[in-house]
Amino acid sequence: MSLTVYRKSHFNAAHRLYRSDWDDEKNNAVFGKCNNPNFHGHNYELEVGVTGTINQETGFLIDIVELKNIIKEEVEDYLDHKNLNLDVPEFKNLNPTMENIAVLIWDKLNAKLLGRFKLSVTLYETPRNFVVYTGN
Amino acid sequence: MSLTVYRKSHFNAAHRLYRSDWDDEKNNAVFGKCNNPNFHGHNYELEVGVTGTINQETGFLIDIVELKNIIKEEVEDYLDHKNLNLDVPEFKNLNPTMENIAVLIWDKLNAKLLGRFKLSVTLYETPRNFVVYTGN
Amino acid sequence: MSLTVYRKSHFNAAHRLYRSDWDDEKNNAVFGKCNNPNFHGHNYELEVGVTGTINQETGFLIDIVELKNIIKEEVEDYLDHKNLNLDVPEFKNLNPTMENIAVLIWDKLNAKLLGRFKLSVTLYETPRNFVVYTGN
Amino acid sequence: MSLTVYRKSHFNAAHRLYRSDWDDEKNNAVFGKCNNPNFHGHNYELEVGVTGTINQETGFLIDIVELKNIIKEEVEDYLDHKNLNLDVPEFKNLNPTMENIAVLIWDKLNAKLLGRFKLSVTLYETPRNFVVYTGN
Amino acid sequence: MSLTVYRKSHFNAAHRLYRSDWDDEKNNAVFGKCNNPNFHGHNYELEVGVTGTINQETGFLIDIVELKNIIKEEVEDYLDHKNLNLDVPEFKNLNPTMENIAVLIWDKLNAKLLGRFKLSVTLYETPRNFVVYTGN
Amino acid sequence: MSLTVYRKSHFNAAHRLYRSDWDDEKNNAVFGKCNNPNFHGHNYELEVGVTGTINQETGFLIDIVELKNIIKEEVEDYLDHKNLNLDVPEFKNLNPTMENIAVLIWDKLNAKLLGRFKLSVTLYETPRNFVVYTGN
């Protein structure tokens, strides 16, 4: 009997989309106003889903407090109130698009969960744009 | 041509998470403030999804009024304004976690739908915590 | 590495559910107040999902501005502020249920995307009723 | 000790904005795509607020079930699944803008409440456009 | 130059509406299913507004972290995961209606804020029912 | 007969809270993680309210398309995808707190509306923190 438990979370960050090996004209053509060299930012809304079976002893799939704490340590403490380009090592040479941020979050959470659950990450960059990554 | 139609619903209930065969210390360690012996409560938000093919005559997968009425009879009338531990027989010896409530709702709706559709149940216990069960 | 990027959109329209080859009694029995001959209407909320792999050069699965423009041209310009029964050719002899509208939107977007991505369409007819179609 | 209790409600309707004493050119200039002669429609979201003092015997300002029933009888039964221009007498010669709909709802509810409470009406025509009327 | 800063918060609780000096018949007639002797519960959503002038040195009306902490200490720690009738002294002989809960929260926050700001409390008992109290 | 019409809007921006005449220790004590020298960012949600009387000829208080365009020109084009500290002249020597941003938006919109309406500005910096300014 398999279920998926979800926990919502939140962080704010600044970022800029561009490639240092492209000139301004090409960066503007591809990334538009997301290429503001002074950065812009977002309230990122996160939904983390873990799939597994119910622990018959407790009735929990996972203790939601444990999941909340893992998300706080791995995601919020790492990304909240940060400049993704300047403060986060993984984005030194990788564009902090919502797609790449979702993959980073999935990788960090999956390493922490040690394969105990199948994992999904849903990341809202704005109320109208979001991405889902399930590790496949 | 397969689609899934969803209907949202709502009920309020009180509950307590604990095991009568554990002592207070263990119940508090595992269930924390959810183990308040006087109970606490939630506004549960429910999304029921039914998957099947379109009836070419009506253009409906299911008459949403029929689905609304089934949810009312099987879920709302059974759980709304109830104490899950004391008023619902299935939870006399089973912890009313959101996982177990979702399974109960799925079982009751599936019995009523007689296998006419593949069924999914999404249950929000709080705006930040929810569970999905699809019967597998 | 496969992800799904979602874009939300919105349109308003009037419609009526009925079959011209049924008499009033049968139309009322099956479609109830949705059969008002003077029409009623909805704010339709749309979520379009496209599944594929990240473009390693840009970090995008799809340029969300391109996706936004495709949705505007194929869906908003075609359905917004329209009477679905009278103004949209596909619904001249087909009931504009949320199921059939979702299939129409999927077909139009899929033709435009030329099979570059796997496509999903989620359509809210009201805040409590919605449908998902993935083309299968 | 004065408080305000709010109840949210919902109805769907079709409408068209135009004046029969203007020609097409002027109607299009002023009302744009809202002037579709075949109508379009909305999911209207309603928030009704009643201001008064707490009944010390019950702890209620108003029995919310009574307020819910008044809104159902005066607003939902009168406007839901209707064509505002054709089915609602007050809009035979009055444009069913969200402003005029809000005033109509306020007038009908206020007549029913017999001045027992100060009344406010908030009406969402779309998720981004809404109006507040307080009878002043 | 006067502004109002709002902070949203959340707590869950169980309650029952009834008067011990009324018999069952009268309690059921007035309070309906809210009179379940085994209690039911809600996710209460809270919006606290403080009105005052901007501190020209910081650009803050109030440090939102201070406001968040005051709400945590005065409201969340006092009401979250509680049975309002049994665990909260103020409701031993007072019905825990959303009106009376809003007044209690206002009184506790106002005492803590020492009259530094004009205060408003908005309390959602369900997504469709809420109350506003401003101390007047 | 006075009503208030509201239009919701949206922009993303980066910012940093600090005073250049304070040392790091004091800036950190007052502004905490909002003082990240590399900036962070938000999705700002805006609600603009205009109060006035209904134009009896059109049934509009204001043409919502006109209001939408004014907000686009005065607010979105000026603040969207910007670094508030570096790209917006008004914040060169003024902290871009949500309070000060709300006042700037109110001033710009009020100048454009030429006193035709009483104006209110509601600005969400996060889903839990927001501010209201009415020009008084």
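A few comments on the model shown:
Each chain gets a letter, A, B, C, D, E and F, in the order it is written, and its residues are counted from 1.
Keep this in mind: contacts are C-beta pairs under 8 Å (C-beta built on N, C-alpha and C of every residue); 3 or more make two chains touch, one makes a residue touch a chain.
Just so you know, these numbers come straight off a predicted model, no measurement behind them.
The chains in contact with subunit C as well as with subunit F are A, D. For subunit D, the chain whose average C-alpha position is most distant is A. In the CA-based superposition of subunit A onto subunit B, the rotation angle is 120 degrees, rounded to steps of 5. Although subunit D and subunit F share one sequence, what matters here is the overlap of their interface residues, and that overlap falls short of half of the numbers used.
Between subunit B and subunit E the centroid-to-centroid distance comes to 28 Å (mean Cα coordinates, whole Å).
In terms of their C-alpha centroids, the spacing between subunit B and subunit D amounts to 34 Å. For subunit E, the set of residues that touch two or more other chains comprises 127. Contacting chain pairs in the structure are A-B, A-C, A-F, B-C, B-E, C-D, D-E, D-F, E-F. Those residues of subunit C that touch subunit B in the shared complex are 17, 19, 30-32, 94-100, 102-103, 127-134, 136. Subunit A makes touch with subunit F in their complex at residues 10, 12-15, 33-34, 36, 38-43, 45, 80-83, 86-87, 126-127.
Touching subunit B in their complex are the following residues of subunit A: 1-9, 49, 54, 57-61, 63-65.
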